[in-house]
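Working notes, beginning with the structure itself.
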Amino acid sequence: MLIKTVFSGFGGQGIILMGYLLATGGMYEGKNVTCLPSYGAEVRGGTANCTVVISKEEIASPVASEPDYAVVMNTPAMVRFQNQVQTGGIIFINSSLIEIRPIRGDLEIIEVPLNELSKQLGGNKATNMIMLGTFIRKTGLVSLETMINVIKDTFGNRPGIFKLNKTALSIGYNYLE
Amino acid sequence: MKKVFSRPKSIKKNPFHYCPGCGHSIIHRVIGEVIDELGIQEITIGVPPAGCAVLAYFYFDVDMGEASHGRAAAVATGLKRALPDRIVFTYQGDGDIAAIGTAETIHAASRGENFTTIFVNNGVYGMTGGQMAPTTILGQNTTTSPGGRKERRDGFPIPLSEMLAVAKGSAYIERTAVNSPSNILKTKRAIEKAFRAQMRGLGFSLVEILSPCPTNWKMSPVEACHWIDEVMVKHFPLGVIKDITGEKKDVN
Amino acid sequence: MRGNHVIAEAAIRAGCRFYFGYPITPQNEIPEYMSERLSKIEGGVFIQAESEIASIHMVIGASMAGGRVMTSSSGPGISLKQEGISFLSALELPAVIVNMSRGGPGLGNIAPSQSDYFQATRGGGHGDYRTIVLAPNSCQEAGDLTYKSFDLADKYRIPVLILGDGMLGQMMEPVELPPEIPVKRLPPKEWTITGAKGRPSRFIRSLILDPFEEEEHNWKLMRKYEKISKEELLWETFSIEDAKMIVVAFGTAARIAKGAIKRVREEGLKVGLFRPISLWPFPTKILKEISRKVKHLFVFEMNMGQMVEDVKLAVDGGAEIHFYGRPGGIIPTPLEISRIISSYYYQKKLG
Amino acid sequence: MTLAQGMIEIDQELCKDCKLCVSVCPKKLIETSDRLNQKGYYPAFYIEKNLKKENRKCTGCGLCAIVCPEIAIEVYRA
Amino acid sequence: MKKVFSRPKSIKKNPFHYCPGCGHSIIHRVIGEVIDELGIQEITIGVPPAGCAVLAYFYFDVDMGEASHGRAAAVATGLKRALPDRIVFTYQGDGDIAAIGTAETIHAASRGENFTTIFVNNGVYGMTGGQMAPTTILGQNTTTSPGGRKERRDGFPIPLSEMLAVAKGSAYIERTAVNSPSNILKTKRAIEKAFRAQMRGLGFSLVEILSPCPTNWKMSPVEACHWIDEVMVKHFPLGVIKDITGEKKDVN
Amino acid sequence: MRGNHVIAEAAIRAGCRFYFGYPITPQNEIPEYMSERLSKIEGGVFIQAESEIASIHMVIGASMAGGRVMTSSSGPGISLKQEGISFLSALELPAVIVNMSRGGPGLGNIAPSQSDYFQATRGGGHGDYRTIVLAPNSCQEAGDLTYKSFDLADKYRIPVLILGDGMLGQMMEPVELPPEIPVKRLPPKEWTITGAKGRPSRFIRSLILDPFEEEEHNWKLMRKYEKISKEELLWETFSIEDAKMIVVAFGTAARIAKGAIKRVREEGLKVGLFRPISLWPFPTKILKEISRKVKHLFVFEMNMGQMVEDVKLAVDGGAEIHFYGRPGGIIPTPLEISRIISSYYYQKKLG
Amino acid sequence: MTLAQGMIEIDQELCKDCKLCVSVCPKKLIETSDRLNQKGYYPAFYIEKNLKKENRKCTGCGLCAIVCPEIAIEVYRA
Amino acid sequence: MLIKTVFSGFGGQGIILMGYLLATGGMYEGKNVTCLPSYGAEVRGGTANCTVVISKEEIASPVASEPDYAVVMNTPAMVRFQNQVQTGGIIFINSSLIEIRPIRGDLEIIEVPLNELSKQLGGNKATNMIMLGTFIRKTGLVSLETMINVIKDTFGNRPGIFKLNKTALSIGYNYLE
């Protein structure tokens, strides 16, 4: 088992954090993980990517030329990654923002209307956590319990943020019911 | 109705890669306007830096030659000495000019090299992600001055333009800002004066421009513009720092 | 933790209290982390210098004073440090220098690359000298080797280079870090300049005007280098027992190569991996021995071919050497490498 | 004395929603759209047309264009 | 009779290698006297330069660590930060400090690094055989300014000390000379003040010393001393350039 | 004329009108001569820069403008230029760089040495690049190669290094200099930046953020390097026809070796000389051919062993290679070398 | 008032004949020797002894020592 | 024929010039020559050396570890070179300045009282030329005629200096009569 996920979107959408949390989750569950954020000049244009590989074995390359999953949070991300995902892979789309859809027939597409879902949180907040919730539900890469632990350890000392993120995670998790 | 404001001829149509509200692109435009107005697009050569403006050659529609980090003044010296009748300008960030490029800049000024430097002071290393710059003010938070810049630990910010004014070969030095329409217009006039000093052969000219970096200051663009007025200008007062263009005769 | 953070934390645990650097992508997390950590440690000094040149000479100063000291940079910044590295070598001062290398030459880009191999292993500065060069290929190893490098530097009074690349620096992997060494418990150094209290004054210098003395100094360094070449070799092998072809690769490229080897092994190809960890000293002898058994070496580098020279020198005509390189910051996939490997494998009728 | 008459055009695709134009227009004639552009920003848009009666007419003063970092604004004057 | 003048304790017995009438050895001695009088021989660390004084460690009887050309300020920064209770001084020629070492020196001053710099201004590159230095005055003949230094071709001499005075971290800066007994005594007092500023933790201190180089000036030692009085001081006026040691409290 | 003066005058005759440098022994006669000469030539520019770094970047500027341009330095100064040389290579700018090398590492001394061979031939800066490296061994050749190097630099848009040593620079020998080229008659360059009059604006840059583009740029450079490796090889041989042992040496060392060979020939030993003149490209192929006939190569360098790696790479195990080195600025005598040669010769039972 | 009494000693082997001491001695008590020293210089020497009667006595003022670049002069005072 | 000569003395004694003139003379007579002055930091101490090699064949090394002739103009030079000269070689000594003498018995010693000889010129002038005159007379390396030509070409535009040097050369040349 070796699963590669790419997260991509604007700089401000908490992309790197999603990757980081997922990787930490994989680690908590005793797997090998790598997490490779984009960096430097690339950031200037406003795009951010983060690649997470989770595997039972040693990981050869933290780069994912053919990811199993892609989480795309804006249109440029959609354009860039729609052709890279492996046959049979899944694309998670922020459908509040992205109007186009991949034309490939060999992919599963999960549309998540993040803006609408985030209204429950008082609007446009923690959309990355919502998406992450949906993502782990669908892929089963990491359990909800683990992810809540990760969030607790990460934001434990800021209870407000922890609560917000936890709620957002559940909203996303439950969205796929 | 007549179009009274549009893209300068010397600025290409490429959309800028800068963050929203970044001062770099305002400064690009203003330089382009001055080049247009002076009619020097075909004889101007720019020297872009390493820094957020590293891709400046995608925007300026004039010949441009890349300098490595901090060495724009040396590259410009080589260019201008080889082509004395062209107009040469360097475009440099505060890290570029006032840290790694300190020696090159001071000596170009001291030699009275006849080119113009645009010095974009945004008080941080923008391109590399917001580290402390030589012009970061005391107390300012950056990724390498945790808890704010501290005098004894991190040293004082450096008033480079004031030092350059001490050099005998500098002809014109002004500090402006691009945080408001009127300051932008003043910046434009300063740049024009600097270019004119060069066209007259008077020696080294420089315009230091306080420029917002909303991303690394962690402010909205509008807040960033206010912060320049309220905080930054106290440490870097605006105005002409040196002007001997009146005293000097044209050199040809 | 990110590779860059791992290196920074490992340095502090190894007793590094002095860091001097200058920002450059992709290693900025090292100075950022150091600035935070050192500002909280008694006696810790972090300076963001005005340039790479200033920083390497601050390293010289703090090393003369006896401290454990580090700097880090990438590509262009490392070039600027070459004069200083030559001085560190001549002055026999310990120091740790990290190069998270990127695509070059010139400004190039910030993608991972291995094109600074020559510069690192041949001494990019002037004069006859060598520095120890260690090339980790995971966050864990980055931490372990950084930690070790401070001991090596002190033991031999030599600068040690950690040669990574952008990917290693940015990548996050779980890591177990070594314990913190209390600085007070580090062995004392007898050659430092700290003021002449209670002893005759002394000096540290590299100017040796008399050629005969300078030659003696050169041979002294040479003897040290020979000792290191015998005692400080590091390498890893992977399924070489039955191999008919061996891939030689270091750092990130070796990681990718290993992935590729696993793939081709699944198809029944007998391919193994030889990974030099110490690039200088290069594990020449062991590779030579291997090449006496396995007649096909496939060198893979993320550059246009640099380590391949050391492989050729080691093998000395004793095996066929193939080279595959991807310069410019390209990160090939294990799949791509596995295809190249098999094509060679079949071409050479090994299976 | 009648004030100069003007108008502006904002290139919605160049705009990056920095709101500097919004903050400087003396007539408050620029607002932020609620439709994202291709780059993913909510671009500024010019609202004069609806406001003629309130006497918030564009003077073509150009302040908005002067501050616009993206050269997204063109200004016309009578 | 009592011996009232002899070799300072901090100066070794080795005969100097300098040319007859060279200012370097006078300056060495004066520094040695100050170190003796302040009783700091055992805690002082010197940083010699590349330049005629490259062998300074053969003369000073204190710990010394060689810097490469121009980098003494950086080496001293590393030393002093690691050993804040020692007294650290750099010894640098005009080429060393004001050409290749410009950036390092200005930034050390700007950071307020707490060490002392002895800046020996002899207006030429002595060691390498008399090339133009950053402080060569206009009209002065050197092996690389044929026909005398010319403003447009070779640039102006650089008033480094005045620039360093602009830096916020510098505490004490004085320019003196060693061309006469009274100037030598003033030099000694200036060096003492600079060391005292360091001992009080006040930041960067520097003494620039006009020093004869009879060999490269192609004068006799006595002529060289007169030339300093008659010509050189017009371009490099003697006196205190900056002194904020009175305003500042000791730092410990 | 002194070697340094010969180089300076040859440069001017080759059309060099821009010189930027910084003093360092033992090459000061070059800037001194250039300052005198260029100040008298219309359009001639001499700047004594504030540092080696500034000077190499002034070279970049004047080269971008299309001029024939030169800088010179030694050891530590050349180290400081490494970043700039990497940029020159990436930007594909012609320039001539002289290294009159001295004893190192560190400040070392000013005696002649060959210890910058690695730095010169492997690109001491960051990234995959090479520069042409020419090593004259007499004043006459110093002039001829300098003259030629400007053409090579323009032809390939590449920096060319002249690697000499303190002795070559100081030595006086009678010289016949090539004729002066009128600058106006030099072929025009189509890529310079001189203002966009009458054509679209253009730019020269080395930042190539996209790894695929950067890789393409790297391969483009590589193709150029391969072409040069085929077409621009220079070497000299001396009595190799009947030789049973061949001495391989460059520059000053080759001169001394030749003297030594003449001595041992008098005693009847059959020894010849192979002298690479272009150190990069190294005359690999021809040396390999020679090594197929002569089984004993004796490499002599005034360093601790650098070119010997290129010899080994060329020979690829096909001959026995002996090395003798004297680092630190020592100039061995022909007598000393002749003794070493004969001892090997007899030891190996060649005569 | 009697002037201070003094004397000096010049180390002939350290001296490099720069003549600075000669030029500063208010009493003109130092001259250049005509015998070369080991380094090949004509060293300065102290001539007071012969001049007692001319009232050119050394005051031990130390000026000669202060300017001597070689630390070749030691000064004694009563 | 390959003859190595070392000139050595103080910086001010015109040592490098002696070497340069001798080398030029050799060149005029159609021989291979090299001339290697000392340089750099060595100069600081006040010593100057210059090595000239004159040969019918190509010259291997311009350095002379075992010179055939040494011209020593001061005591340190004497100390340094007395042991390096080849057996049967000649040492030319400035006997006005140098008190010690080599103890080796296998060398010829030519003492030239330069200060006295130069009295004819008005004292202490052109001592290097006097020595050069003696040197070429004794060694025959270059003819007097050639050397006068060399001097003429070198100082031709300063007739006073040319005359002085020519006279000095003859004084030295004739000293050995």
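Here the chain labels run A, B, C, D, E, F, G and H in written order, and each chain numbers its own residues starting at 1.
One rule holds for everything that comes next: a residue touches a chain if its C-beta (ideal position, glycine included) is under 8 Å from a C-beta of that chain, and two chains touch if they have at least 3 such contacts.
Note that the structure is predicted; figures quoted are calculated from it, not measured.
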Required minimum of steps from chain D to chain E, each step between chains that touch: 2
Furthest chain, CA centroid comparison against chain F: D
Chain D-chain F separation of Cα centroids, rounded to whole Å: 62
Approximate Å spacing (C-alpha centroids) for the pair chain A, chain F: 55
Shared-contact residues (touching 2 or more other chains) in chain F: 25, 50-51, 53, 76, 83, 87, 91, 106-107, 109-110, 205-207, 209, 331
Sequence positions of chain B contacting 2 or more other chains: 18-19, 50, 54, 66, 68, 99-100, 102-103, 107, 111, 127-129, 134, 154
Numbers and ranges of chain A residues touching at least 2 other chains: 40-42, 46
Partner chain D, residues of chain A touching it in the complex: 10, 46, 74-76, 97
Chain A partner contacts - residues on chain D that touch it in the complex: 36, 38-40
Interface residues, chain B side, partner chain E - complex: 99-103, 106-107, 110-113, 134, 151-152, 154-159, 162-163, 166-169, 251
Touch list for chain E against partner chain G, complex: 1-7, 11, 15-16, 18-26, 29, 180-181, 184-185, 214, 220-222, 225
Residue ranges of chain C touching chain E (in the complex, touch as defined): 18, 20, 45, 47, 49-51, 53-55, 57-67, 69, 83-84, 87, 91, 193-198, 201-207
